[in-house]
């Protein structure tokens, strides 16, 4: 078993909507507050997207990222801050001519998806390796464009967290190690439950784990109702854990999570019930070789 | 163990090029000859793409499909004919604006990808469920477009062979069963070795198998040098087998396969060496509930 | 996921000793009290061994079994009572001539190991299929002797719970189904952590599960510090759960469990935290096709 | 994949009987001849039991071992010679009082089971870690007695080959490493098909492999009709291979193997068909760190 378990809280994401839950943090202030609450409940790291404060829709606005980060750092210097680089990767084929982008397409130059990383230099930036169906949209991250994003992340001295949505993404991960784009030991997440990628199960966790490079620090997490079962499963298989309103909105059947902190507290309870010990932010920094 | 093992021969494909091997069948006559030779060597089914006779490049020309099919049927009425529907699904993002299609893009209306199926009514038509990176290109098969292709295949009374390139494709397959697009028992292929999808290994075969609906007839096959190892592995795990110049060009290390028949003969030898019995075309038709 | 999760509490066993924990129930009255407390905390079934009230050592005395059962039944008619048939199966080879039984040997005629079952007709009687090293002793349950014990259990109208300590035991289980000794659907336990049998891990649970006959109701449980992790793992893999002072003495690191009920409560919390619902005794009787 | 595949031929064993096949080598001369023939066909190692030349029954006679070894060494100095230490470990419980040994019991002092190893100093001696049902008999190898046998093998400078019949044996193996009885890197065999131990399947090979200490050279092999399928499976999972009349008597369905060499030739063909290269005896000595 891993000596200490890192809880990451993904506080808002971009798939959860305000219509789904009234408890979703929207403004930078709310996002920072959610992050700080998660930290108090036991999260060593927070994964952050930003939203437009008016519409609540996903945003890539650098000022929002900066505002959220500064608000967190003003109160907590240890908490690991992980910023997403996911937005800007979606393509919606037109029904009559699928090679033409339809509304909803967000695909943009890879360098434009990591501007905030170069500027804000968080501890960690995610790097999605998936090209897949995601609902009615297609997520496209070509190997070449992943390399271009990784170059910016590496140049900023930021540690990438590799997001793995299916087994082929792990094959790409290995090729990126082989060509020097990624330098080990890696930090990886196995995302389960997006349709159509890895689906949550003990088998998936063990299979995905078997494909990871030796020495990888990894987290397997599930979306929706698989969120808490996969907290247990990831820990039992040797991984770290992740929860948060990005991944699920219910604390238990029929009960909306009122805060991200409540989800972290529940994840912590699960891990501790089966014998794990939670990492503080400082311990997590040591595990992940981040600046302390 | 499966009572009888179906060998499918994929005689030409569209990724293998004449520059890679001089033995690739190009014209409809050559493709038919390859299919008939494969049948004599033990294949119960052939999987067919067509090519432009002049350039050798992949083609979607219906006349070539018709020519190949008629040449096969003139000499062999039992052999199961399986036509591809893969072409027409590739998107190449422009380097400077990835939402704009660059040269190499072949993406087209789904109905246009199955015209030959409606006209020629082969025994089987493949139905690719993958959206993924495939080399420097992106293959896009959205759930909606897969449904549109399946509608044409179903209306033609043709059995779809579901092509699964990664675990998420199997999740899509299950959703397509749930909504009635696919009717069981299914015929599925697990494709291993395309970058970036399933990679060939015993673990992959067992994991993919665990995700298939009960009662599925399935084949796991590997590309390149994993071709023959995965013949053995698929059989040992309860599956059928596939070989052919679409998947690999070498018969053994350093020795190009001179014919598809030679690859079938080798696959047959492997299966028989480990205790399997090969299905005749007629037996395969019974196993797959095809017209006899 | 299983619709309802059966918690079995193994309240005293025969490997735990009073020297290891002061909280071990010894007398029939203590054992009954422990069983009833476990039931109140959420256990639908109790697995019972008896002990000599003076020495605290394992006993096969029928009066003790009867006393314990009657005390339970006086207060709770629904709780599923599962009596062990394990004692009487140990052989200790002499150091100088290993074919001669040394002190510690308890091996006896199989019929003598199930006398209490024939007399008391509990809901369930365990049936151990293991022949293995168990510490410095050898447990011997030959196929023939298992058949003789099963004949008595079957004749009493008692449902056997098949105890599986390693993969070969499952092969024996399948042979016992084939020859009619066991009639499905079965109730099986996968015991992990005895040296030298199955060791606790997610892989072991999945592998053992893959070997069970279809339709089997099963519980995988671990001994010692694997007790609570395996509660989570068994549930996540589709199984029921078991805890109790027979299997482990600590509630958490450094904290002895003061009661069996406390262990049940903790197991219940784990299962519910990851989305499971506990079966009442009555629901468990329906799941296992026991008299209601 | 392993760089070179070691074929071991188990030429006679003690479970196969002359009644089962007329081709079983019986006398030391026949055993030596079988070993030399296997070597010519591609075996790098031979696993040897001896038999009583008159009765054909298993023997522990040192003169027979010496005779067989000398006959082999007279013609082939490179072939790896592996002598069994299995005989002397069986216990047959009496029907009426199972703690009393019945006829058929062979259990003896552990030191007496390895006398021939101390005297003849073969390259390798097997060391069985199993306590299990084996047909109607019980095989008993207690941890203590295994340690006593290992002490003699180690003192003779002979490399032990650890025989693993079920997962608990691998747990014992790990404890024997921890206490210094076994020194790595190990040579292990995973025996599949004995009732009641590991049963042959891809899952068993992968599960057993997952339990082995890192760096272990291992062979998984199957008995009876699983013999050749498990040759393929062991190779595909990264293992070496073993065949021979000890494990199976048929070359294919209905066709008795006339020689051990024929079985080796078939195994070699399987391995080479799926891309493996066979190790010479000298290469095998390097892989196993044996005297060259």
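Miscellaneous remarks
We call the chains A, B, C and D, going by the order they appear; numbering starts again at 1 in every chain.
Everything that follows uses one rule, which is that a contact is a pair of C-beta atoms (placed from the backbone, for glycine too) under 8 Å apart; a residue touches a chain by one contact, two chains touch by 3 or more.
Everything numeric here is computed off the predicted structure, so don't read it as measured data.
Steps from chain A to chain C, taking the shortest chain of touch contacts, total 1.
Among the remaining chains, the Cα-based centre furthest from that of chain D is the centre of A. Mean C-alpha positions place chain B and chain C at a centre distance of 50 Å.
Chain B and chain D have CA centres that are 42 Å apart. Averaging C-alpha coordinates per chain places the centre of chain A 36 Å away from that of chain B. Chain contacts: chain B has residues 203 touching two or more partner chains. Shown here, the protein chains touch around one cycle, each chain meeting exactly two partners.
Touching chain pairs in this entry, ordered by label, are A-B, A-C, B-D, C-D. Chain contact summary for the complex, chain C toward chain A: residues 202-203, 205-206, 225, 228-229, 231-233, 236-237, 252-253, 266, 269-270, 272-275. Chain B meets chain A in the complex at residues 91, 93, 95-101, 105, 107-110, 129, 131-133, 136, 138, 140-145, 165-169, 171-172, 175, 194-199, 203-204, 207, 210-211.
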